[in-house]
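Each chain gets a letter, A, B, C, D and E, in the order it is written, and its residues are counted from 1.
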């Protein structure tokens, strides 16, 4: 039964999209129902997998592998075998669960809209792409799924977005399209280089990682590793919206429908971090180490810069975008540290930021649905008409600014524990982000939910029953990780340990 | 030896053995020509394209037969099957291209059936056999090893094409397009010939196979003149396949020609050009390629960049596709260009596989796109992007098909275009020309802008056509689209079959 | 360029012919009336035939006169007559185009010249004895054409058919339906 | 004795004259004629090499023959296109032919 | 009993969850009942534990595994030492009373239940903070109490001042928290653990895993960083500005959080982690100086404030400064003792003020009070007790503890600090009696209507006042020679002595009392007798000083213009850069490409000869380049 679960998870949404294609356009409510099923089943399966996951193992589990494409003479006289191979390890598992959760809740959070059928078709295609990115064990497959997210995103922003949707959709498309170039170049270069060592070419991540791990120094030169890592890192900077390549993210968040903002902030932009961990740290640890200072500096710049910019944003969604950038800067710092604490903190922060972004964008979407705006100055005193939403918004903001007992804190402190071990000075500058986060989030909260309620905001309705589901689930998870971080830590611990031992040796 | 010393005698059986597809097409062409004289105008109009397709299918089948012949010969360890002292050869390189040409032309003729209905001025029989002759020219370009023969084949294709472009002779744009094509084309021919003359001058041979060894000996002594000859030929051929900066005729000619002819130019003619380039440069220059590949790299890079950038602001869909096809020529040049750095024999097989795979993918997606375009622009009455506005409402089938073709051209995964690009990309990494591979995909990313512009028109905007009437798709066009669709998706999802096929080929007879 | 050049009848002839050829070419470029241009091209073709003779290609010289100076020039004249045009070329507007054209063509010419004369290539020493000594030019061509080059020869026939049909199709008058 | 270089130079000059004509003359017929001039230059080249080349051979002459034939076909088609064009636009000035641009 | 210490924070947590589930519409009586019961239960358990500790001394912490980080394992747990047993008892005791008091004070509030939820959450967090066996856990609860403070200060969210104050409280303390954050992270990096015991051992051995700094400097650095946390939380100069503003919250909150418990957490932390500070004399000096400055600084501001709660708040700041200073001069016992006594009498003062405020319709302006003794006798009496205790008049609690601090400062040789402390003591006595006289004596200066309706608020508010008064009187004896310094013995039960302990010095006691009496006398003269007109002083020669004090030495303004404004400006500048330069470059590339595309498009001019020319020029360039590269035959 476990045999094909991963395939099911990846392709059920796509199947849903296909089925949706045959639903008559006029059918009301049906698209959402189908989308719900098509995202709920993967969620269910993901949790079944989680239940059966053996976190004491550091390798891939539930693997499915089939040879898919053979390319003769791809490298010297060797045949390149591209596999359709899926698998989960401790690193992928949290991302899988995150994806399952956010995408399902995203559907739940979607309000009725124009052209709902198409919306959900594109949405489900996007979901398949996202699952694929985290489950693919083959670099080619990964790339394929990564590209697969581009097209639906273009339409999701372009059709259902805000007043600058066309421009922003294009920006998203081309920016990330360019990022995938770097990813592809580095992937294939890695595969070919690994072939020099092993004698067979494959794009399987695990075998490449092993090849790199045991390669003698002269077989794969340091220069090569450094060069490839730079290319990859550049792509990651774009994928993950790091300064100075971050400008697509605020625009995307500002212009996307709130469901899509949830998915972008919650899952899509985390792909970059996943690549950084999986490929950067997993395959090229020496290069990460070599460029550690650069990475750390970029990380700290992101933390501080994005926080400062967030401080003066007028729109909640842009503020949250910059907030996410700032948080992901912490991930870079943690990765640059290249020690157990830093890496674990990085993963924690990625997942935490995903959950928090999902929640925050959901809430802001709910506020927007009621008030028609996300401009901070146009809101005020929301605690009165909608105490529950305001309460959850506060909880999310607090989680985001790193309140202990919620996921943000443990992530932050782990990352800084790593960071201070390696880069005390830079990390000290980075802690400014902790203060600034409090400033911009509380300031925005103060102006949004506190203070006197303006007349036009009176009498707005509070959260509906269905809206409790995402809110409660998100908050519960955020608190769960905050209170009992082992639930996440045990998953990733072994994988990270295996990375760290490789750096040591 | 007697007085006929040195004269090779050709028997029909030899000819048939080697040139059966070409011969069947020539015969077919003449048959249609003759039948046209005896038949009523109406029945000729109706029958000619069908006949043409029939002959093309026959040629296709015969080409498949040739694969067997080559395989048998290779298994027996025989020399390359050839005519007239390697003037004309039978190998899988040629066969593959012949399949491409016959299939491509057949699809073009299929599309033409609809074209004839709406362009009564076009003379169907002439059109049909010109297509067949043009295909023969293309086949010769793929199979000849002799400069003279290659040149004749090239001109057979070119001259037929000029006429085909001008076929809508009451259509000012058609004749203008033909004129531009002809002027640039013949200047290019002259350039290529000028280059060939130098090549001939040094080697004393018009035969590539024999000239190559002479060339290797004389390379150092005569490098300037040989490189000059090579480059002049490159310029000449570059015009034919529309490499930047020799591409400017293409948008105008593509726009002027009727849709089937345009797709013929974009697919068959371009593929033939690449067959020619590969034949000449692989056979003539393979051993000195390290010295000259850099010019191909320059052209490939230029073509990818300029082709894609120029398309960004293009609103006319046919011109857009023209620029797109220019850009694709850039991609197609890469496999050959990378050979300069990785000159092992495996690399040659890889490069050939890449080129052919991409051409096949390109065939499916381009044909499909032109078929959709034909219907859509006709209904809208113009050829701008506006014609596609809200297509998803008017015809979901056309909308989805066009989306698939466009995404394939843009190089999105699970389409033939993506696999093709990836395949080509492998070569650049293989030879450590990372930047070129990067450029390949970077320009594709830039190209998203205009490809998605098409998709935007289809899906994002509402129809501007007053009547939201459904578009009726004629059967022949429908079949064309379906072929394109299936090909694009199958090659995208399961390229392995094609890869295996390519891998099993005896490219040059061995 | 002329160093070591032995003045013989042949060389004199060559330079005269070359002069004539270039003069006709320049005339072609500078003439305003289309008809004069057509005539000057005739001159070029004939001059070229003379060069062919110098190069011991008698048959081709003959063919050149026949095909070009005869057929093609006549065809050109017909075409000129069929298409009305202003007798004169309209005065050229001063644009960058001619300048670039000059630069481009001159550039190409100079490059070729450099390759031919100054790149250090050692062209074979021209000898008085022809490689075709004592052989019948027409026979040689014929033998070669009908044995070695029979395939392109056949193909050319197809090309000619295409040209023929194409020309008719495009040029003949509209049929009255 | 005449050498290869002189003939090649002559060919180059003719080629360039033809090229220049093709690029600048306004009458399409003359443009076509100029192309013929270029081909003539090619022929001179070929014949030069056939006579004085490294390995003189008859092939050059054969090549020339084919070039001439094809050139004739090209001109024929070119003129036909010109006539069709003229019928449509009533001009044979190449610079008027810009219905399609941009 | 000690192993059951986890029950103590559990009670309020359960109460919180229960109230949360019951929702905001729960009956006031039930809400109060649950909360008070929970706190009371906690208090009883605390007492049991106290006696256990008193009998058996400190015990090893109880820990359980929390998170694995590579080879390290982070744990959570609880521990009971004499110090935190004392804290537990004090916190639960005051909490119980405050919860009770709030029933009267918050009666009828729309979000009554929510208020109790927050309070319970706070009590839970505070207790959790106290029983934490490691710094990480401390930090977590440290932040949580900050959160509760934020929530409760901003409880009346619709008041913009309350919202602003809440935000300010959180952010300013967070600045300190970041210091603590860095401090404990460095401790972890240096020692590999967060556990107190492990950390102390490492600090003793001076063996650290950090090599970019010498061990001694590292100790100082870490000490100061951790102390920065205490500065923020305990409102020490220069991060004191949030505490007076926090008075926007309901008064019970001020009593519990901003007087007795949370603000003392900084002092508690320094005391608990004293070995860290003790290891570096430099750190101690810094601590002493900061404490001294705070004590005198806040006292000076307190002289002129007109808001009854703000005066008490500044008094809190000042008293916390005393405690910190005491730690700085290694008067460990004195500090912790003052921490305890202060908790009682300051909670008392706040609750009494609350009672006054409640009685006169939530007016807090001293200038509109007066003559309330007749109307609120019980409040008056209890306030008087609190004031006397604060002033350090024997035998009230404050006398004993403050005396010890002065003694410690004097004996340690920090005479400047000693002098500052003495002046501060004078000021303290003066301002608290200023409040007393302005509130309870003379004529009522507000609206008559309000005065007429003023009355005591019934037993729920009275009982806490009385109980606290009693404590404020008796608790000081615990560490007096009269009881043989019982507190001190208790504190060091089962462990080594920490800090310096000095014999009681009656001369010092006399001096302190004298200074306090002088202060009270001056206040009497100015505000009761009116023989010295305060207005004359304020507008006369002392005007600049008066203005300085009244405006809190312009610290808020300074921060606003030196820190807040520049940071916001930097934000704006960076936002501009982000929009127009970073994104501008992106767009420039985009637009540039499009312009290039247009250029290419229009170069396509329809002229076939142009095309030919472009072809030719391209070819010439290519061939020219090639020929240049080939360079002829050698």
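Please note the rule applied: a residue touches a chain if its C-beta (ideal position, glycine included) is under 8 Å from a C-beta of that chain, and two chains touch if they have at least 3 such contacts.
Source: prediction; values computed, not measured.
Trainee: Any chance you could name the chains that touch subunit B and subunit C both?
Mentor: D, E
Trainee: Taking each chain's centre as the mean of its C-alpha atoms, which one ends up farthest from the centre of subunit D?
Mentor: Centre of mass proxy via C-alpha means gives E as farthest from subunit D.
Trainee: Ranked by contacting C-beta pairs, which pair of chains comes out on top?
Mentor: Pair with the most C-beta pairs in contact: C-D.
Trainee: So which chain is the furthest away from subunit A, centre to centre on CA atoms?
Mentor: C
Trainee: Relative to the centroid of every protein C-alpha atom displayed, which chain's own C-alpha centroid is closest?
Mentor: When every chain is reduced to its C-alpha mean, the one closest to the whole-protein mean is A.
Trainee: Could you grab the centroid distance between subunit C and subunit D? Build each centroid from C-alpha atoms only and quote it in angstrom.
Mentor: Once rounded, the distance between the two centres reads 6 Å.
Trainee: Return the distance between the CA-based centres of subunit A and subunit C, expressed in whole Å.
Mentor: It comes to 69 Å between the two C-alpha centres.
Trainee: Could you tell me the distance, in whole angstrom, between the mean C-alpha positions of subunit A and subunit D?
Mentor: 63
Trainee: If you average the Cα atoms of subunit C and of subunit E to get two centres, how far apart are those centres in Å?
Mentor: Here subunit C and subunit E have centroids separated by 100 Å.
Trainee: Among the residues of subunit D, which ones contact at least 2 other chains?
Mentor: 4, 15, 18-19, 22-24, 31-32, 48, 53-54, 56-57, 59, 62, 66, 70, 73-74, 77, 80-82, 84, 94, 97-101
Trainee: Provide the list of subunit C residues touching at least two other chains, using ranges where the numbers run on.
Mentor: 97, 101, 104-105, 108, 111-112, 114-116, 119-122, 148-149, 152, 156, 159, 162-163, 166, 169-170, in rising order.
Trainee: Subunit B: which residues touch two or more other chains?
Mentor: Each of 148, 152, 155, 159, 162-163, 166, 169-170, 179-180, 183, 187, 221-222, 224, 228, 251-252, 446 in subunit B touches at least two other chains.
Trainee: All pairs of touching chains?
Mentor: A-B, A-E, B-C, B-D, B-E, C-D, C-E, D-E
Trainee: Using the touch definition up top, name the residues of subunit E that touch subunit B in the complex.
Mentor: 593-594, 596-598, 600-601, 603-604, 606, 608-612, 614-615, 617-619, 622-623, 626-627, 630, 632-633
Trainee: Could you pull out which subunit C residues touch subunit B in their complex?
Mentor: My answer: residues 111-112, 114-116, 119-122, 143, 146-152, 155-156, 158-159, 161-163, 165-166, 169-170, 174.
Trainee: Can you check the complex and tell me which residues of subunit C touch subunit E?
Mentor: Per the stated touch rule, the residues are 97, 100-101, 103-105, 107-108, 111, 114-115, 118-122.
Trainee: Going by the contact rule set out above, which residues of subunit B touch subunit A in the complex?
Mentor: Residues 344, 346-347, 349-350, 353, 407, 412-414, 418-419, 422-423, 425-426, 429-430, 434, 437-438, 441-442, 444-446, 448-449, 452, 455-456, 459-460, 495-496, 499-500, 502-503.
Trainee: If we count contacts the way the header does, which residues on subunit E are in touch with subunit D in the complex?
Mentor: On the subunit E side, the touching residues are 601-602, 604-609, 612-613, 616.
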